[in-house]
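Take a look at the following structure, please.
In order of appearance the chains are A, B, C, D, E and F, and numbering begins at 1 in each one.
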Amino acid sequence: MADTLSEFHKFRAEMNEEIHSSDHLGLKRFFALDHQAYEPGPLPTNTKELLGLVASAVLRCDDCITYHIVRCGEVGWKRAEIIDALNVALIVGGSIVIPHVRRAFARMREIPGLDS
Amino acid sequence: MADTLSEFHKFRAEMNEEIHSSDHLGLKRFFALDHQAYEPGPLPTNTKELLGLVASAVLRCDDCITYHIVRCGEVGWKRAEIIDALNVALIVGGSIVIPHVRRAFARMREIPGLDS
Amino acid sequence: MADTLSEFHKFRAEMNEEIHSSDHLGLKRFFALDHQAYEPGPLPTNTKELLGLVASAVLRCDDCITYHIVRCGEVGWKRAEIIDALNVALIVGGSIVIPHVRRAFARMREIPGLDS
Amino acid sequence: MADTLSEFHKFRAEMNEEIHSSDHLGLKRFFALDHQAYEPGPLPTNTKELLGLVASAVLRCDDCITYHIVRCGEVGWKRAEIIDALNVALIVGGSIVIPHVRRAFARMREIPGLDS
Amino acid sequence: MADTLSEFHKFRAEMNEEIHSSDHLGLKRFFALDHQAYEPGPLPTNTKELLGLVASAVLRCDDCITYHIVRCGEVGWKRAEIIDALNVALIVGGSIVIPHVRRAFARMREIPGLDS
Amino acid sequence: MADTLSEFHKFRAEMNEEIHSSDHLGLKRFFALDHQAYEPGPLPTNTKELLGLVASAVLRCDDCITYHIVRCGEVGWKRAEIIDALNVALIVGGSIVIPHVRRAFARMREIPGLDS
């Protein structure tokens, strides 16, 4: 896991740029489709971001968890709601998810406004 | 995957009974905790059932998908919303999730009221 | 796993039709992108089908293995080459892959021309 | 999952024979190495079979669970001990393991002597 | 993976405290249930810790592997026995487990008394 | 992920030596079998290395991805071909694979000759 949230964002932006500049149409389209999956549809974006967070947690991807916690904060979810979603991930995914829950809690410290 | 929804429910109920009658305290407590994870908290039950569905889909468990689709219907989600949630699972989990999406669509045929 | 290859194809075609008729743009685009990933690019289609087979095997998806074995046969791979690819999947994925290798061997019986 | 334990054994033996007759040295050696991993070493066979069972359960492979439950019975583990091991698998792997625990309990009905 | 065992313990203790102080009843109960799963039952604690280690290894969680190796040492398992358990995990989980076996060996250097 | 490719190679070589010196016959044989799986057979080594890369990517193991990208370069695959293989892994494995694709792109910067 990147040591700080700003390092995470920097590496992510830099590599996304490098991936896009490789001009592989399939990769570009996948990134676009990934973005669109969280846009409003039958379900609103805030619900979808919570779904993305729980999917990331049970699949145990720290970078994905960090990304979706940031996004959850941006779309208005509060710390207690994010923790309640992580609890669902923990019961579905088991104790193997605990280290990722620990890192998710550490990451939440870096995101202002989750408690307000 | 059980051939019909009623067979799924029958086997599930029968085996849950057998598991409980084994009197293993850890198993009993886990089943109780699993039940409680979907009760209202900072997040309402309907949101949590959708989280359970997406977690089940990316982890590719047909029985779990069936269970949560049934529950999603019971708490008021409509077919289009369930499909939108499955789309998030598909983008996060990849084409390996497609066979489970197929079986989820087949299962939805058996659940009345999702389209109403 | 579907009992026969023809049942597999029938269910797959029927459900793909049902998924497409749900008119969810994200699902439709994912299916299109999935199809395009195996079209000729820097790597030819036959190599990509073998990659799809091994990815399916280590992720332990019987339907996906069946699909890619059929495709591998269509693009010219022979039984011995498919088995050599499954061996890579077995060493990477471990003994947990063995039941899927057994079912892959059973499926190959139903596909004419792999040995010719 | 095979419908009965005898069908499981029959298919397993038949396909193992077919895999071996393919004369792929890598596959043959992997099968031999898999067999040797459970032979007595610093740990005795009965402990190793329990390890194999829990590994199979958290990786959610019904065939592997069936195989190791049968083996656990053969090396002397009783039903209550197997259930205690499955409880460890459940806590580590989460509720996604529950359907496999149900099928493990169903399978144990077919194995005589676990309760004696 | 934390660079040193003491950093691992420090971060783990700090975040467990933070998770508990969030006062989410589900999380608290899961942590309690996780603890209880390794207490003596039909199987003794030392066997259960070995089960936890192998489950962690095949699910490829470095923190979980570190935790259970430490615990295995505390309950009396020696280095050769832990390595024999890791071999079962390697055969079940495949070469994808190798990097975690490397880190497990590196971690064992930091745990006194495993060789005595 | 190791910070640099040379650190990766150093730790890998050091720990492989330590694992071998533990004199566990099962571990030694698994390492040998893993090596042999990529030797020429019905499929040539270069195809097998690409299979190993995609298997590693969908199973989301950064060390394994690094190892196979290095090997892919050694056996003659070019950057565009490796990227095309990663695209197959991305479509099969989903957006959860993206962070590993980012790190794969970062690793490719350290490997001379992929673009020539």
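What we mean here is this: a residue touches a chain if its C-beta (ideal position, glycine included) is under 8 Å from a C-beta of that chain, and two chains touch if they have at least 3 such contacts.
Being a predicted model, the structure only gives us computed values, none of them experimental.
Of the two chain pairs considered here, C-E and A-C, the higher C-beta contact count falls to C-E. For B-F, the matching interface among the pairs C-E, A-E or B-C, defined by over half of the contact pairs being the same residue numbers, is C-E.
The distance from the centre of subunit A to the centre of subunit D, with each centre set as the mean of the Cα atoms, comes to 36 Å. Our note on geometry: subunit A versus subunit B, Cα centroid distance of 23 Å, whole angstroms.
Computed from the mean C-alpha positions, the centre of subunit A lies at a distance of 26 Å from the centre of subunit F. Of all residues in subunit F, those that touch two or more other chains are 24, 26, 30, 33-34, 37, 41, 55-56, 58-59, 64, 80, 83-84, 87, 90-93, 95-96.
In terms of inter-chain touching, the protein chains here all touch one another pairwise.
Contact residues on subunit F toward subunit C in their complex (touch as defined above): 33-34, 37-38, 41-43, 47-48, 50-52, 54-56, 58-59, 64, 78, 80-81, 83-85, 87-89, 91-93.
Taken in their complex, subunit D has these residues touching subunit A: 58, 90-97.
Remark: subunit D residues 11-12, 15-16, 18-19, 22, 24, 26-27, 30-31, 34, 55-56, 59, 61, 63-64 touch subunit C in the complex. Residues 60, 79-80, 83-84, 86-87, 90-91, 95-96, 98-99, 101-103, 105-106 of subunit C are the ones that touch subunit D when the two sit in their complex. Residue ranges of subunit D in contact with subunit F, taken from their complex: 24-26, 29-30, 33, 36-37, 41.
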